[in-house]
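Here come two complexes built around chain A, the first alongside chain B, the second alongside chain C.
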Partner chain A sequence: MAKILMIHPDKCASCRNCELACSFAHEGVFNPNKSRVHALVWERLGLGVPLMCMHCDDAPCAGVCPTGALHRDEEANGVLWDKNKCIGCKLCVSACPFGNASYDNETKQVIKCDLCGGDPQCVRICPNQAIEYKEANEGVMAKKAMYAEKFKKVFEEVE
Partner chain B sequence: MANSFQNKVLRINLTTGKVSTEPLNESYAKDYIGGRGLGTKMYYEEVGTNVDPLSPDNNMYLVTGPLTGTMAPSAGRYMVITRGPLTGTIACSNSGGYFGSEMKYAGYDVVVIEGKAEKPVYIWINNDKVEIHPADHIWGKEVPDTTDLLKEETDEMAKVACIGPAGENLSKIACIMNEMNRAAGRTGVGAVMGSKNLKGIVVRGTNPVHVPDGERFMAAIEEARKVLAEHPVTGTGLPTYGTQILINILNQSGGLPVHNFRDSGTVEWADKTSGEFMIEHKNLVRNKGCFSCVMRCGRVTKTYKPYAGFGEGPEYEAGWGFGADCDVDDIDAICQANFRCNELGLDAISMPCTIACAMELYENGYLPKEDAGCDLSFGNASILADLVTKTAYREGIGDMLAEGSYRLAEKYGHPELSMSVKKQELPAYEPRTLQGMGLNYATNNRGGCHVRGYMTSPEILGLPVKLDPAVTEGKAGVCKTFQDLTGAVDASGFCLFTTFAIGADIIANVVSAATGIEYSPDELLKAGERIWNLERLFNMACGFTGKDDTLPQRLLQEPQKFGPYKGSVNRLHEMLPEYYELRGWTEAGVPTKDKMVELGLEDAFAQMLGAVEAAAAQNN
Partner chain C sequence: MEIIIDGKKAAVQEGETILQAARRNGIDIPTLCYSDALPGITSCRICMVEVKENGVTKRVASCAYPVHEGMEVTTDNETIRRTRNVLLNLYSARVPHNKDIKALKEKYDVPEIKRLQVNKGETHLAENCVLCGLCVKACEEMGTNAISTVFRGAEKKVGTPFDEPSDSCIGCGACASVCPTEAIQMTQENGVRTIWDKTFELIQCKECGKYFATAQEIAYVKQKIGNDMDMALCEKCKQKGNAAKFKEALKAELDI
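Right after this comes the complex of A and B.
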């Protein structure tokens, strides 16, 4: 089984360490504007939602890419970008329904999560485990167990 | 060499509308690090000590530290420096959230606000594009609406620091709020902003912050992160319970001030207002961190009928203030009053302490019922939120509450019932139990304040070592070290709470790696000492003397009533002379020339002497 990125907005503490770790890993500087991940914060609710490329199986960005620069990589179980093939048409930016791909005019590169070669820095840094990188089943089973626990409590109360 | 400064100061004059930039003074940055130190130095050099805090001549400095905007853990803070209307001392107030980092990404270490706009305005800083816009349509609005409206008009991704009605109405206990719920809370900096007709500052930045050697910096912060994550306070206590974890700790230690410090020590019901109870009672929705934070002590909270609401907090000091200090044991009422402080832009320490003072004045018959307009008895939970609102709008008794407890108590003929130092209200640690905290309160450069030398760490929490709170011996030295270290921490951009776990060695290493300026732990402490002394010189030039280094008479003379330290008073006289000596000051608390030369403060010293002489000549 291959690992996937999972986001848990219920756990996000809005600290944005993920943006710092990402921009440093990719650009060598601290700049949330060039991060591949963003924790969007609703200030009134004190709620943060971490968002980054979800590495779709049928990825619209890869679908519209005329040169195959954006492509599905089975080994990485993700959508990767090949700088050498990119012509800078930016169709990927328009195609992504989540806004998770952007283009850096300064460096002429697509800004999009590349899974840090299998060791996502956002996951490593998150103090609340709001972003996880794990086997799909493992992650889902943990969530199931959590909700099953709630049922258990309800039935315990009934009895 | 690239370092973590942006090396740029933005200067905005609201009288003329002129906007300009200039390079950061590098020698200031080296000697004063940033934040609190850099801002005080700039203020002292540019404004001097002779201005009315609410006049157009008073400047306001928003200053980041060299770590702000980097990934140093819990280090995204900025400092507001000005002369404060509550105390008349140097006012410096620190805040977290995202605003400071966003300022840095916009390209500025410092934003200086000068003058006064003719009509209400807000400032829109979009990287290097800076504009002053009318704010008539936003004036009068509370903080959450102001924040949303300013973002709608500019950029949804922007960050907003603004005042609420309290700052507009020049309450001396008004704050500047950023991201709705983070506050540059103390010393009345919100009134300074209000006096300039400045409703808010909106900032959006997309520039990078650099460090000279990425590998070295990441290694330095990795060490800090690890220590913070593994420490029981920063790794477990603060994320789980927030600062409200202190309610039970202080109560059990007998250090909880009660009823305006009249009946201090311990109360039976303290647990009902604690961080632990807030989880049990389902007030806590989730925890929250400021920018780059690993401790995440912020509380997103909801409350239930009849005090239903939603917001953030309270911190321990506000929870205690509206709680034990006002004799209120209803956590929903406490939270709701705290929400109102945030929404209206009021200091959630000075506000409840001023209410507690009003309650004692009322119970003693000094504050008449017709002035109170309500039943101001201790324990009346139902009036708290309403009193906060009245304060912000200066309605009825609120008009006097807005002046803080000292001016309130003075008006009713009993200034001794204001539990304040240099007219700023004392926070949630009883100096008759914590002797060393009493010394810190008395000598604090911004008046009654706990976060400039947090003696609770050694005296109650045992960090870094446990000291007996009842003992005065040796406290002067520890207090000085804590004050100096805090000066450097506040200058760096680090959150003070990191110092529960990390000390001068790790902090010096991180600051050195960010700035490329090598600070040994001793040099870091020396910078902190320089900052402390510069603030002292400023205050003395403003007319303060050693006589102001004192505590309310109650704490020095009335024996404490309850708890394990029943019968004790604060023995300030046993600590103060040693403290002055360790600081290299005279017996009267005046900095000496030798010490000032050692710290490189001879010019500021001469300036202080000149100002004192000029004031004396004027009085003659």
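Right after this comes the complex of A and C.
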């Protein structure tokens, strides 16, 4: 069964090890700027929010991509980027409503979560399971929907 | 399906080109105008290989020639080397100072052919374009069609209509990004991006002040994905904003 990434901001300990694991796995360096996941931290409140590509079903980045370099991959159950098909227009970066894609001018690549080919390193390193990679079965989806509903309510209150 | 590349059997897929099959099997064939995103230009001819099928031997551009059952491909022999040497010498005569052509010549041990030499001190000092047309194809793929090859013969070049700043250029820089010889200059300084003689005042992020995109790029994105979302923030601030919403939600939930 297809797996999905789930984040639990309430469990994040703000250690930001996920950023280091991610940049090391992809670029061979420990550089949070080159990480596909970002943990945004509020130290005084003791809160951290890990964010990465949501792998949208109807992804705007894939919608705007002129060559299909960004595409939905059913097998991986995610939105993947094909380096060979990218022509570097960088419009995916503008199209993502969540700011979860960026472009590295140095290496000419789109920096965006690729699920590490099915073994996300951020999930491996996270000491608190604040990021999980789980089978998208009924229970998990129900839990996800519950979270989404809860956050949606508060989001509306905030706005 | 199986073919023979350089004497070795290689498994290939129906419909792919010799170049794709060779690269997948770890065999190197040089290219200039080829990109997986924009196949079928076949102008640079650097990827020529020798093909033997049905008793006929011929030279073909591997980036466009499809594989057929039982064909024999040779990527490196005297004929291929001679073809490549002449081509690279011709490119070198056009763009004598280009580092990408120099690197290719070095990599494939290309000797200088005397009759194809130019006076490097005087001619084509600033020229870097080999007229492969990859940039034109990239712009076409974007749907903007701002550039094209203009004039014929020795005058041929890539340009905008009448060499004026083009109305349709959105300043994305895909042309510069795909160019194999770095011939297209895109500069960005103090919130102004310049490409093809057109200057773009970049939009500044509402939060952090970073210059992040041209107005035309934003319009292109909005039109293509058909929604009207707020695009006044750079990607970092968009992400920060989202995280802040989560934070507020958590704060409310945990009552802190």
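Here is the rule we go by: the second predicted complex is superposed on the first by the 138 of 159 C-alpha atoms of A that agree within 3 Å, B and C clash if a C-alpha of one lies under 4 Å from a C-alpha of the other, contacts with A are read in each partner's own complex, and residues count from 1 in each chain.
The working rule: a residue touches a chain if its C-beta (ideal position, glycine included) is under 8 Å from a C-beta of that chain, and two chains touch if they have at least 3 such contacts.
All of these numbers come straight from a predicted model, not from anything done at the bench.
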{"item": "Fit or clash between chain C and chain B when superposed on chain A", "value": "fit"}
{"item": "Which of chain B and chain C A:29 touches, first, second, both or neither", "value": "first"}
{"item": "Which of chain B and chain C A:98 touches, first, second, both or neither", "value": "second"}
{"item": "Chain C versus chain B, contacts on chain A by residue", "value": "C"}
{"item": "First (chain B), second (chain C), both or neither touched by A:10", "value": "both"}
{"item": "Partner chain(s) touched by A:45 [first = chain B, second = chain C, both, neither]", "value": "both"}
{"item": "Touched partner set for A:128, first chain B, second chain C, both or neither", "value": "first"}
{"item": "Chain B versus chain C as contact partner of A:56, first or second or both or neither", "value": "neither"}
{"item": "Chain B versus chain C as contact partner of A:20, first or second or both or neither", "value": "first"}
{"item": "First (chain B), second (chain C), both or neither touched by A:116", "value": "neither"}
{"item": "Overlay on chain A, chain C to chain B nearest C-alpha distance, Å", "value": "7"}
{"item": "Residues on chain A lying within both footprints (that of chain B and that of chain C)", "value": "10, 45, 47"}
{"item": "Chain A-touching residues of chain C, taken from the complex the two chains share", "value": "35-38, 138, 141-143, 172-174, 176-178, 212-213, 217-218, 220-221, 224-225, 227, 229, 231, 233-254, 256"}
{"item": "Residue numbers on chain A that touch chain B, as the complex places them", "value": "10, 13-17, 20-21, 23-24, 27-34, 41, 43-48, 127-128"}
{"item": "Chain B residues within the chain A interface of the complex", "value": "69-71, 98, 105, 144, 147-148, 179-181, 205-211, 214, 218, 229, 239, 285-294, 296, 298, 300, 312"}
{"item": "For the chain A and chain C complex, residues of the former touching the latter", "value": "9-10, 38, 40, 42, 45, 47, 49, 51, 60, 63-64, 66-67, 69, 82, 84-91, 93-102, 108, 150-151, 154-155, 157-159"}
